[in-house]
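My structure is below; once you've seen it, I'll send some questions.
Order of writing sets the chain letters: A, B and C. Residues in each chain are counted from 1.
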């Protein structure tokens, strides 16, 4: 008699989703720790308007738009997959990956111009935070792009469940940026 | 070994007695709990050891009437907690958050692995000609509150005086104020209490508590040239 | 594995076809992964224990060379202090209490065939093995291993010039990061498995308490480790690319690290403690033949303690130089933690009331944990009180306190679980007499080693000093250091019966029956040891809670969770 390794989950509970949410909870605490440290320092030092003024708000705004759009395409990828669409998920996922890479490209351009202007991580505490927070976020974007590429490459897009999980992560990365942008650029 | 209060070194500061009193309060409260809980524990172990023909009694402890046997002692724990906080709060405030008026301010700068002890000299101001620095020697008069300003040049150190019941970590980038008032002349050790590198063990200064006359004599000697 | 269809396999002939590598090394079986964590944890326990003995010898006889080691210089001593702490907390306590018992017990006790993500689970133990390797390598790089304390306070840890340690400390940070990653993967698995894969009838309030404690501990870890990872990233960047997070001269603040470290550090203590409490809570009813006293209240207390553990961290920082007005609020929350833990300890004792107590080896360890943890819990109040802590902090009193809590968790709690579940894990019985000798020797010499540390701490001996004789006020108390060291040596010798017992049992021990202790929980319904996928074709079904012992009007004094009763179901 054969028994299955696939443990029967309790109906209505998707293990993958539970797992991703717990993972995201710990990620929230990771960025939460960074952001809380940043806020405490900023309050303690009476503001960093001078330093923040050297950042390019227009570029960052464009980048925000890029990332927000990528969330939208990710939603579309899942939505089309759920409808059983064949082409839709592939197109939208590829778009999401491209937009993620575009974000990283713009970010890299930003870094380069800042470093050329003489603002390195060692310039001061604001810059230490700026590079660490955006750098860690960029690594998360990269990880998301890799995950999405694996999904795309493996061609398992007919299973919307996996797309949903990747989407959860992607939206989380997006939301982190929504916090970082005003904190670093506008405050 | 069991009378823990006897292990504390002699107290020679005005507030040390109050810190000791908090330690003593906690000691007697916890000692009572220790004997009580382990006594009941031991009694149960002997009384309810397995014997032929006797079954355990089914007690789930979920009903309030049963749980009360525990909840009441837990409430006592809570009350004792607040008592300890209530007794401790003013002591902490006195030692750490208030500063009595002082005539003497001394700057203690820690570095790997020495204490630089700076006196403002007769003019009472730092950064003037008559400042004097002593390595690893802190001289104070008895019966006078002394204000310390604690600084570090490199890593975190901690100025500890077992006899004064004084301890304060010293963090680079901060000038941390502290105070004490010694009650008994003598020579006491001032170890560093925070791991600060390979010379941590053995990093110490000496505290000289002088009688008023002796202290004056020491001051006169040190500042005689100026 | 799942995709290939190998996930379906025959109940009777599975072992042989898998081969050595798939069975023992690249296994996705939660039981094997648990054993792998156990082995790695035991390996590190030996290393960490030996380091401790070098330290103890140095403290007792600072002027003589340590046998088998040689002269211990102050730099070496700082390495010993640092690596002993790091190893014992992150590479012994966590892999054994969380990694081994969590992996082994969670699926078996909730009626699952494996973890929710078996391959992620395998990855977890492999990442942990990699972390172990990195930590091991860090001993041998030029400049030596980390020596800034297990707490790694910057600026000492942030600049090479302060300790002379370069790559050793970078690798130390990397080993932590990998270890955290391993336990994050494990943690996600534990929580998901317990939420999604419980067998029919296994409601949350029928879960054995050890599972509740594992889940609470895991949750604490997942929610507290993030800020420390952030802090570790900042520390590494300070060291290698010159950021200024912890450098006062660049606008940073050394205390930031302490806040991040202890925000994690206090919950981390419970990450270690709670699984041990869980092991004891599950051993007690079996050997008292009684339900645990106040099952739900214990769960609520555990959750309350876990919640409180997030708002107490600054009790490690009373004299750190932070704003002293913060001390009393943190002191109050800290002392408040005694309430839920008092509840749990009282409930353990109350469970014995009107029991029919069998003093088998697992029970002895569980009882030993109760007694020792009471001491550790009570001494915590001294540290928790801000004014008392002015004197107590950074002395050996603290060392005594956390060895009474953590050593008793890992050793007494851990051995309670080990002796209890060994027959299930390995299918052999251990020798009772040897187990009892092991317990009594350990109990006695544990106290000889650690109790006097309270005294010398009260006498003012600081932590992390290599030579107490350099301080005149400590010289008269030096005999205490000698007593503690002799105790430690004998404590080490006390583990010989354990080694003999395990080796003998594995080689020639009696085969264990399915349920040697007449216990109620589900793992005892599987064969000993359970095959891959744990049960045959049918999974057990759960009808009641885990602690239905000595029910009135029943012939037997136990009622397994999976036994269907026609008339009554509780």
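The criterion applied here is as follows: a residue touches a chain if its C-beta (ideal position, glycine included) is under 8 Å from a C-beta of that chain, and two chains touch if they have at least 3 such contacts.
These numbers come from a predicted model, not from an experiment.
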item	value
Per Cα centroids, the chain farthest from subunit C	A
A-C or B-C, whichever has more C-beta pairs in contact	B-C
CA centroid of subunit A to CA centroid of subunit B, Å	48
Between subunit C and subunit A, distance of the C-alpha-averaged centres to the nearest whole Å	34
Gap in Å, rounded to a whole number, between the CA centres of subunit C and subunit B	30
Touching two or more other chains - residues of subunit C	252-253
Of all residues in subunit A, those that touch subunit C in their complex	1-10, 13-15, 18-19, 22-23, 25-34, 36-37, 40-41, 44-45, 120-122, 124-129, 131-132, 136
Subunit B - residues contacting subunit C, complex	1, 4, 7-9, 18-19, 22-23, 26-27, 29-30, 33-34, 37-38, 40-41, 44-45, 48-51, 54-62, 66-67, 69-71, 73-74, 77-78, 81, 84-85, 88-89, 91-93, 95-97, 112, 154-156, 158, 160, 162-163, 165-174, 176, 188-189, 191-202, 204
Complex interface listing, subunit C residues touching subunit B	73-75, 77-78, 81, 147-149, 153, 155-156, 162-164, 248-249, 252-255, 288-297, 319-321, 324-325, 327-328, 331-332, 335-336, 338-339, 342-343, 345-347, 349-359, 367, 370-371, 374-375, 378-379, 381-382, 385-388, 390-395, 451-452, 454-456, 458-460, 462-467, 470-473, 547, 549-552, 557
Subunit A-touching residues of subunit C, taken from the complex the two chains share	1-2, 7-11, 107, 112-114, 116-118, 120, 184, 187-189, 191-193, 195-198, 222-231, 233-234, 237, 241-245, 250-253, 256, 259-260, 263, 533, 536-537
